[in-house]
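Below is one structure, written out as structure tokens, with a few remarks after it.
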């Protein structure tokens, strides 16, 4: 029989173990929820500074109003009010490449650029000029491959996403403005000369950079973005229960439908 | 055109508003993730004591090892590794009536018993005897209707769920051992004489009681249980990426399949 | 080691078995998709008449325009265009108690009424009068229990759902207008005298009755409604790829949002 | 107000329109379910030959035993038996790049190779030699780009997937062995000389080729694979209701769990 190793949790008749600790005695009442979320992935407890940056990321990504994801969750509750889990799942399923994917893409782009730089024996830069050079190389490579630079641009916050300077400041206060954030800032400085236009560093991107500086791998970044969004969606579902809009959205769409029979 | 009211979030070109606050200036770096989750549903910021009880609940419900839900999430990642949101959603979809539903059912059962008692003009009890009488009436009514008393019993923790005394103690420390928790404790004392056997007060049930004492309505309790579980599932997915078991679980089931052709 | 029995499918190096048949030699090219869907649940091949009724049900339930479910699927594709499975899942998740549940509820209501009648040794009626009496008893019991009679009423088709007479006719042509359909028709005749108003027999309800007459259990009826809806949703997703409306729906809602900061 | 165009369905008080037809009068009882699924995407009714090939594809993809996807659906039903839609959605969410994606990837690979050939003014081949040359160019390009050739290889059917010759034969019988299938067959002939080993043409790949020969675009192929799988999953869920294995799978995994506390 195969054994299935896990380091997350287990239980026996009298004890529940989570992350190697006694859940009831050592975690409940002593560990915050954000702290636990960090620990569950990193497999180590965050320092207070790491926790502050991490929770800032989760707070930054929790909600963005009546997004496609929030509308889908609310419409799903309209049809299946008995299944809160279905409505939450429907909302999360919209967290794919186009929206939440930016956090992951930006983190990966920065991590790959840093890894490529260090693989060939280079030290990390120590000056803004040094970071700018590294950023230029990364942006140029991305452009030459015909790919967008992730983390640049925002459909609403065209002149700057307010989350970006806020997170940079918080990371700096905690001594956690590390190489991914520094490279991201440098991308913000150098991209206009290479791309021919000036785009804001967006919030999803800076969150990806900050999570990488906290030591997380690109593969799991979308997981954190989804966890943050889950809190926002629970808020939307609670509001939908108190003051529903799902039926009104459906009616609006229904009445604006223009039926065009197929020609076939 | 219909207007869609919301109190959660909105944004314009330069500002993101969440819960009436400036996200970048007033929330990021100053509000924890658990705190935000409470606020998003309650529409008010929790006190430090409320937050401690609330986060204890989320920590208590985050994980319970390789549950059906965690296994489903991991198997889904096996088939669709590019879609973390799909794997997380699949895991949450198992959070229905049988597992996470207990939190909701227990909260509703207690809230209904309290409401029924108060509707006819009764004051809430002030002594253990008084709570026991109220609990007897509630358990008896449930039994007569042929329904189980939610929050009693656990398949593994047969002699007591360690989360129950822990959460009661924390709520007591914060002055938040309110009527739902007191009634739940009384159910624990009186049910043996009415049901003819002694069952433990389980962790899902005590969490439901505590959330109701924090002012939350029964309809949204499953939402919090799902949020807690989302953190646990992100941990499982991160572990699945590092050290996968999905394919091994599948192989185990595949090899133990006994094919029985239909007779029809 | 546990053995996992299944009668659906299995495979070895050279053969794929489905429902006890050789998939490649005995099913592909010889069995239709609707036929297979029937067989997979009933564990027996349908007769041509059964198949015609069954496929009429699936065709009847496949689509109802831009429903909340179709809109949710399209919005999900907007956010995660790389994950067709996520968009389809989001659409199906709206198939809960309020919409697709009617098929199941109506089937169960009729099956329970028939079982209750037969349990006490009664024969099934042979005349319309007999069916009317049975229907009266069932409607009265439902009303006295404070429950709605499932399968009655439709928000759009107030004077009659066109699917109902069509399915009754098809079942009759195939000799499959069985006790569930007959009782459902009788409910249509007698409910005005008992409920004080005349409501149409809706399409979801008649489909539930027809599926029960085909021998299916109430528990799986929602599964067929979901399968039918899956075909409709794949159509919607294909259309969304060709001529997207997801972003327009989002913009409409976004611009009609009225932000009301919480008072708390 | 924006108008939302759709060609799928609409309804008014007395009529339900689907694909420009009167649902009750022109579709129910006259159109099969597979036929409707084709029509909903193609926006035209299939010929009998097209329908036979199309339904052969759906039958071929409906089930493959207790796959990760079927196990996830069953485990989800264990936790949320009240939500068939959640269990079905969980099963479909495993239909991502690794399993169902092959149908789409193979279809796209073949369609791109044909488009690239025709774009520069070439006629399609008329001999096996001609197809082999085209296949060699496509396989070589794929290999040089460091990508796998989709549709080759199968973990179980190492010496040949029985669905492949069956579908080729059926398509041939219906006069629908078109350029995508011919190129796919040629890939089967030429890849050993280019890749240095002989792999079987798998069933998912041949289904992708056949769907492209029916005129479908690569973007929607996964949708059909999911629809086929939905029928299989409804069968699994019905079986899970009759003879559950979810709890046994969970117990097996639970008992084989090896807890390894994190070192952090």
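Just a few scattered comments:
By written order: A, B, C and D. Residues from 1 in each chain.
Basically, a contact is a pair of C-beta atoms (placed from the backbone, for glycine too) under 8 Å apart; a residue touches a chain by one contact, two chains touch by 3 or more.
Owing to the predicted nature of the structure, the values given are computational and were not obtained by experimental measurement.
Should one ask which of C-D and A-D has more C-beta pairs in contact, the pair is C-D.
Of all chains, the one whose Cα centroid sits at the greatest distance from that of subunit A is C.
Mean C-alpha positions place subunit B and subunit D at a centre distance of 38 Å. For the pair subunit A and subunit D, the distance between mean C-alpha positions equals 32 Å. Centroids of subunit C and subunit D (each the mean of its C-alpha atoms) stand 24 Å apart.
Contact of a single residue of subunit A with at least two other chains is seen at positions 1-2, 4-7, 9-10, 65-66, 80, 82-83, 85-86, 89-90, 93-96, 100, 249, 252-253, 257.
Subunit B makes touch with subunit D in their complex at residues 1, 65-69, 71-72, 75-76, 78-83, 86-87, 89-90, 93-100, 246-247, 249-250, 252-254, 257.
Of all residues in subunit D, those touching subunit C in their complex are 1-2, 4-16, 18, 22-25, 27-29, 31-34, 36-37, 40-41, 52, 55-56, 58-60, 62-66, 83-86, 88-90, 92-96, 100, 156-160, 162-163, 165-167, 169-170, 173, 203, 217, 219-220, 222-224, 226-228, 230-232, 234-239, 241, 243, 245, 248-249, 251-252.
Contact residues on subunit D toward subunit A in their complex (touch as defined above): 1-7, 10, 17, 19-20, 42-45, 80, 82-83, 85-86, 89, 93, 253, 256-264.
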